[in-house]
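Naming follows writing order (A, B, C and D), and every chain is counted from residue 1.
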Amino acid sequence: MENLIALLVAAPLLGAAVLLCGGRRLDAVGHWIGTALAAVSFVLGVVLFADMLGKSPENRTLMQHLFSWIPVEGFQANVGFQLDQLSMTFVLLITGVGSLIHLYSIGYMEHDERRRRFFGYLNLFLAAMLLLVVADNYLLLYVGWEGVGLASYLLIGFWQHKPSAATAAKKAFLVNRVGDMGLSIAIMLMFTTFGTFAFGPVFQATGALTSGADAPGSEGKLTAIGLMLLLAACGKSAQVPLQSWLGDAMEGPTPVSALIHAATMVTAGVYLIVRSGDIFNAAPDAQLAVTVVGAVTLLFGAIVGCAKDDIKKALAGSTMSQIGYMVLAAGLGPIGYAFAIMHLVTHGFFKAGLFLGAGSVMHGMNDEVDMRKYGGLRKYMPITFVTFGLGYLAIIGFPGLSGFFSKDKIIEAAFAKGGAEGWILGGAALLGAAITAFYMTRVMLMTFFGEERWRHAPTPSPAEPSVEPAAETRGAHAEPHPHESPKVMTIPMIVLAVGSVFAGAFFGIGERFVKWLEPVTGFEHGHPPVSALTVTLSTVAVMVVGVGFAYAQYGRRPVPVVAPRGSLLTRAARRDLLQDDFNHVVLVRGGEHLTRSLVYVDHTLVDGVVNGTAATMGGLSGRLRRLQNGFARSYAVSMFGGAAVLIAATLLMRAV
Amino acid sequence: MNPVNYLYLAALLFTIGATGVLIRRNAIVVFMCVELMLNACNLAFVAFSRMHGNLDGQIIAFFTMVVAAAEVVVGLAIIVSVFRARHSASVDDASLMKL
Amino acid sequence: MSASAVHSLWTMAADPIEKIQAPKIEYGQLSPTLIVIGAAILGVLIEAFVPRRSRYYAQVFVAIVALAASFAAVVGLAAGGYATTKAGIAAMGAIAVDGPALFLQGTILLAGLLGVFTFAERRLDPAAHGKRVDSFAAQAASVPGSDSEKAAVKAGFATTEVFPLLLFAIGGMLIFPAANDLLTLFIALEVFSLPLYLLCAVARRKRLMSQEAAVKYFLLGAFASAFTLFGIALLYGYAGSVSYATIAQVVDGTVQNVSPALAATMGNDALLLVGGAMLVMGLLFKVGAVPFHMWTPDVYQGAPTPVTGFMAAATKVAAFGALLRLLYVVLPGLRWDWRPVMWAVAIVTMLGGAIVAITQTDIKRLLAYSSIAHAGFILAGVIATSPDGVSSVLFYLGAYSFVTIGAFAVVTLVRDAGGEATHLSKWAGLGRRSPLVAAVFAVFLLAFAGIPLTSGFAGKFAVFKAAAESGAGAIVVIGVISSAIAAFFYIRVIVLMFFSQPRPEGPTVAVPSPLTMTAIGVGVAVTLVLGVAPQYFLDLAGQAGVFVR
Amino acid sequence: MSFPLLTATAVLPALGAIATAAVPAAKRTAAKWLALVVSLATLALAVTVLVRFDPDGARYQLTESHAWIPEFGVRYELGVDGIAVALIALTAVLIPFIILAGWHDADPLETGSKRWRPTQGFFALILAVEAMVIISFEATDVFLFYIFFEAMLIPMYFLIGGFGDRAHEHGEETAATQRSYAAVKFLLYNLVGGLIMLAAVIGLYVVAGNFSLTEIAEARANGSLNMATSTERWLFLGFFFAFAVKAPLWPLHTWLPNAMGEATAPVAVLITAVVDKVGTFAMLRFCLQLFPEASKWATPAILVLALISIIYGALLAVGQRDIKRLVAYASISHFGFIIMGIFAMTSQGQSGATLYMVNHGISTAALMLVAGFLISRRGSRLIADYGGVQKVAPVLAGTFLIGGLATLSLPGLAPFVSEFLVLVGTFSRYPVVGIIATFGIVLAALYTLVLYQRTMTGPVKAEVKHMPDLRVRELVVVAPLVVLLIFLGVYPKPVTDIVNPAVKQTMSDVHKKDPQPEVEAAK
């Protein structure tokens, strides 16, 4: 059984290798190879899952030691896998959604001459992501961690000839690197504290450290580790303050946005925090930080989501905020871990579905992304409409759909944190729910209802950069003829829609999911200051309010094709609440100045000293040279003087 | 009379010779100053020889004279050829090479 | 009044004449010198009696044979143990036959041999009126540019006197480091100086510069020798003798039967110190140490290049030999007085030579300044006052003289219409036009710079090592710094030769006869051998490191 | 005695150099092939050394010892420990690629010129450098090491000054002047360093009386040779200065950008990937072994300098407009990491540093050689002259990207292992230093990706529209390097196994123990 884990990772890796090294001769079948290998690893995952279900909950964990990776005096890094319920969940999510999106991409990327490479990258991503979740130590996790970063870099920048895409990709990688810095420092701290960074030993040692009063200030260390892990999570999961890359990441092809920047990769941060639960449990301060980040981000993302007219960016904002929920939950400790993961999974379904829907819409609309140029599309693309709608209901937490179950639990848990914190966090979560309802309804209405603003719509204005290039190939400049997407695209959407309808109920009822994860993450029932029922009702209430507002603004009144100037907040939100501008001014500009001045310093100062010495020597030489004036008598003078000095010196030597 | 005075005289002559070398332009004169210095040496030798009561100094004086004569031969040869080439015996004119 | 009484008025009775015993001369031990001097005299006779057309060949033949024989004699003596066990004083205390003397004599003789080769080179200058000419004036006496000169050239005269002159110079140099009393020292000094003055004056091209060089060299040399002589006089006055041994004894007060006069002068250190200083100054002038160096650039530039090469190599060897003997045999007693002074001289010499060389534009002047810098390095070894010091200096001199002769020999090859093209700008791109010559010259330059695997490095290391061991760490550091500065201008030349664009009107590289080729070839060979496997020669120098007194 | 394997490894390329130089002018191609074959034969010898070397055996193996210059107490002593073996292998591996990459760099400008010899010279010089580098890795006699440490400069100098990029953006004249400036700068910098070291070498002799590394280290260890603290420090500084120039360590680095910028890509690789390694290697072998106390005394200062190098180099790399200079500054940053790892005085740090030398060699070679191919196509080193290459030459772009990713030490590629080891090793003793150094990885990502974005992505520039993709020869050069990068990234064990014992030795030389974790976790 264990060996299957390696295969699980190996299959897509093989795919990547084949597709990227295979060359043009594979162009014809490349996408099928890629999809097939993704499917293979999904099947493997299912097999492992079945096997796991066969065992008793306590010893479901599979360990596999492959080989010793970096053996150095006192520093042992191994390549080994650990497959427990937590990783299993991810494996299924990744491979499942992954396979669907591969399938979808076959249709979506049909007209792109570099489709083979696209699938190669997708496979690479799958491999890295799987490695991330099945690694049995932090260093190997780090490999997967940066691997997904690389894949996302390649995929965001897939249309490299678009400067915007290239820039976005670079930005994503860089911001992630900042996070990775956190991760590596965390690993170093673990090494110096525990002498290891493998999951098992570290968590045991954590226990030892906290239980044994031997190490004073040990909590400080753990807090440091926790915060560093949090930093890493922020980078990967686009949490404030490292969220800025996610919006731009939408430059990538839509399937990428769906898979990487909605369903799986961006949730890696949540995985990291939940995985390191033991550390966080022992470091309450770090936990608090996590919750705060989560709460802030969920609002931040939501607000941004309200203002964007670009359908993908709107969804990106929502992703940010939904992950905020998860992080918040993860920060709550054992109360929340399970719910965090549960929301992560359900979110995986409906958000992926939504993105694919958006992709399908764009596919039918000449890759127009500006929702103000949509409208009334429901009768042109019914399937898309239905699936998207179901996803929509799920995300706003419409009772009975998956979002309802998962999000509701988180809000409960937030309140259950107790005390002022509890109220604040819970409140934030509730508010978030309201805003979510608002902006999602906004998206829904602007896209599928209202009058058909795309008729005689001006072709994409140059002001709107994110026009996918395939546009040319699909004759953008004609008036769009909305049409339903091919089966290969719709089927995944349907599947995901089904998932987003029933997953929540399936997991939530009877705490099935919680029980499943409990052996890994532990679980304790939260006791909210108000009854669970109250929380649920209020959640539904605010949701209705949000929807109402949105309907009032976008359903009743016609939507202007050109965005109104909007309030200060709106304008700020359109610019990601100015966070980018901040980065630009402080980091980019500042950095440029720094480097430029350093280049100057290097040339004038450091190098100047060297050249200066040479010059001084030259000058000195030139001056001394004049003594050699060609007159024999002056030479005689120097001899005479020299003799005098010589004599004097000798006598002096004797004198002293 | 105390031979030391001869030494003082010798030193004086030597200094005069050296000064001449430094201040006179005409190559011949310069050269003569050198000869003067040599003779100062001779005087010193003889004086010392007298003091120590051995003949080495006096013998050396003879050698010096021979050497001086030889120097004259070589020196004059060179100086004369230069004079004929440049029509000037000034050592300061011979300063093609410098720096 | 009695006749005798009267007679005694204007005469005095002289002591009865006792028998002067005939001096005992060890001809065998003096053979090297005697051979050379004899050959020189023979050369004079050849000038007098051999018909002009065959003089050149006769002279070259005699010179080469004499030098070879003399070298063989030196080797024989050394093999016979005179360098070590049987080392002793010859010619009634006038000449020392010991390790250093023989080693240096051998070096001088080899340098002289190569010198003869470069002197005898007749392929470089374009043939005048169908006759091959060497680098010496057709008739040194004739006024430059005058009709008589033209006539002489037309008649195909050649100054074959240079060979006897050279031999005389070598003879003097052989005695110089071996001289064991101050008189011999002075005579030897003059014997090798006077011919050199003349040799400087007899260049074929650029005669005015050549004569100017001669004048300067002569006047300053005479000036310096006057100082030397006065120094000798004072030392004589101090010790009552000119023999090294006696002076040394007097200096460290181990002398027997002190006469009252001696007792009087002995007390007077001023005599000793001033005398010693003036004598040393004379020698420093010969080695070209700052501030007595100023003649070097002008003379090196003006003199005929073969002469320059010979002079630069052999004079240094001889002068340093004499300096060593003086400081190690005569004046060890006041080591503590002269060492600090010599430190100072060494330092200013190293730095001065290196720094001024940076901005030179004439290859010969450049090499002159480099020779000054090297004098400084050697002085660093001299002041070590240890057997290692001696042997390191000997080794350095050996290595250095071959590099020098080779380098100047290469300089003679690079020519344009006006004779040798010594201005650096003309050397631009030489490496492109004739890679081999440029490469050879590069080897010499690298040796000068002291890059490992060349003799220059081994020598420098030996000298600095000796200095460091004698606790002169500062000297070593400064030496290292100045060799870094020196490296700069050697590199400059290499850059010029290899990385600059050749000038269209650049000089041509003449193809020399086997003579010069041998000179250069030997130079390169020695440079590399002493760089890679110096041990044998180090041993030689090591065994030769002991003076006899 | 047995076959002198080490001598052979060094002598073979030397002979090859002579033979190559002797090939007649017309037979240019033959010379190239000869050089290539010789380098491959050397590789074979190096591999034998690798095989014959027993990691758990004596410290120095395959030793040879002959009298050379007793007068100076100098012996011809060779011997290799794990570190040396690794670096010899690196050298021997890289040289064939360098030769192959520089296949046409020294061809005559006008084809069919009969009297054109530089081609032979180029390859002969490369082999000469290889010989000298290898022997200085093998030397266990300080003097012997010093000789080749210095002599190596001469061929390098001619390689830098004599051969430049074919098409130069400012025309041949300025190119020549810039080249010779770079060459002179390189030579003088290193010569000054070397001469200062010479003073120290002499000093060492005065103190120790001989040059045998093993004997002196032995004597130091058993206390039979104890230096005055000040003496030891001065000598250490003398040695370290030379190595710091070679390495190069801030602020002695300014020769590297010029040299790497002006030299052709293969030569640049030779400089940074092979020759400079001698500096860091020597720090590890000579500074630490001969002067353990002084090394510890100097550690804080050196760490600060290394830290500056890391950040400063990276920032300047960001600011460069010239591809090669960018790589040069990146290398400065990486050398900072290496030196930091050496002087962190932890097993991880030093193993990491050694590994880093190897990996940096390979990764820089990959990046720089591809950059060279790029430059040779367009005839410009300026980043601004490129754009959209990815579209027209995907393979070139791909390999370039991999090289870049290696430079920013992406996990899974070799440099990550070493960089992380260095960081951990430093962090465990000097946490603050470690953390600051970690910023280096962000900056590395910045300059690499900026370079890639500006050259490879974006709209296709007119000048590069018809740029051909990698040719077979070029692919043969790059592919193995890429494979190596990946292999050593996934499975560095072979190297670490060789290196670890040597590092253990060094650690014991300096009497340092790794800091122990607070909690001994249940393994």
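A few notes on this one:
Just so it is clear, contacts are C-beta pairs under 8 Å (C-beta built on N, C-alpha and C of every residue); 3 or more make two chains touch, one makes a residue touch a chain.
Please read all numbers here as calculations on a predicted model, not as lab measurements.
Among the remaining chains, those touching chain B and also chain C are A. At the far end from chain B, in terms of centres built from Cα atoms, lies A. C-beta contact counts were set side by side for A-C and A-B; A-C has more.
Every chain gets a centre from its CA atoms, and the centre nearest the mean of all protein CA atoms is that of D.
Rounded to a whole number, the gap between the C-alpha centres of chain A and chain C is 81 angstrom. For the pair chain B and chain D, the distance between mean C-alpha positions equals 65 Å. Centre-to-centre separation between chain A and chain B, using Cα means, comes to 97 Å. Mean C-alpha position of chain A lies 37 Å from that of chain D. Annotation for chain C: residues 215-216, 219, 223, 227, 297-298, 488 touch two or more other chains.
Residues of chain B in contact with two or more other chains: 18, 21, 30, 91, 94-98.
Working note: touching chain pairs come out as A-B, A-C, A-D, B-C, C-D.
For chain A in complex with chain B, the residues that touch the partner chain are 625-626, 628-633, 636-637, 640.
Contact residues on chain C toward chain D in their complex (touch as defined above): 435, 446, 449, 451-453, 457-458, 461-462, 464-465, 468-469, 473, 476-477, 480-481, 483-484, 487-488, 491-492, 495, 498-501, 533-535, 538-539, 542.
Partner chain D is touched in their complex by these residues of chain A: 20, 67-75, 79, 139, 142-143, 145-147, 150, 153, 157, 160-161, 163, 165-167, 170, 173-174, 177-178, 180-181, 184-185, 187-189, 191-196, 201-202, 204-205, 208-209, 215, 218, 221, 591, 594-596, 598-599, 602, 606-607, 609-610. Contacts from chain C toward chain B in the complex involve residues 140-141, 143-144, 183, 186-187, 190, 194, 197-198, 201, 207-209, 211-216, 218-219, 222-223, 226-227, 229-230, 232-234, 236-237, 240-242, 259, 261-262, 264-265, 297-298, 301-302.
Contacts from chain C toward chain A in the complex involve residues 215-216, 219-220, 223-224, 227, 269-270, 273-274, 276-278, 280-281, 285, 290-292, 294-295, 297-298, 334, 336-338, 340-341, 344-345, 352, 355-360, 485, 488.
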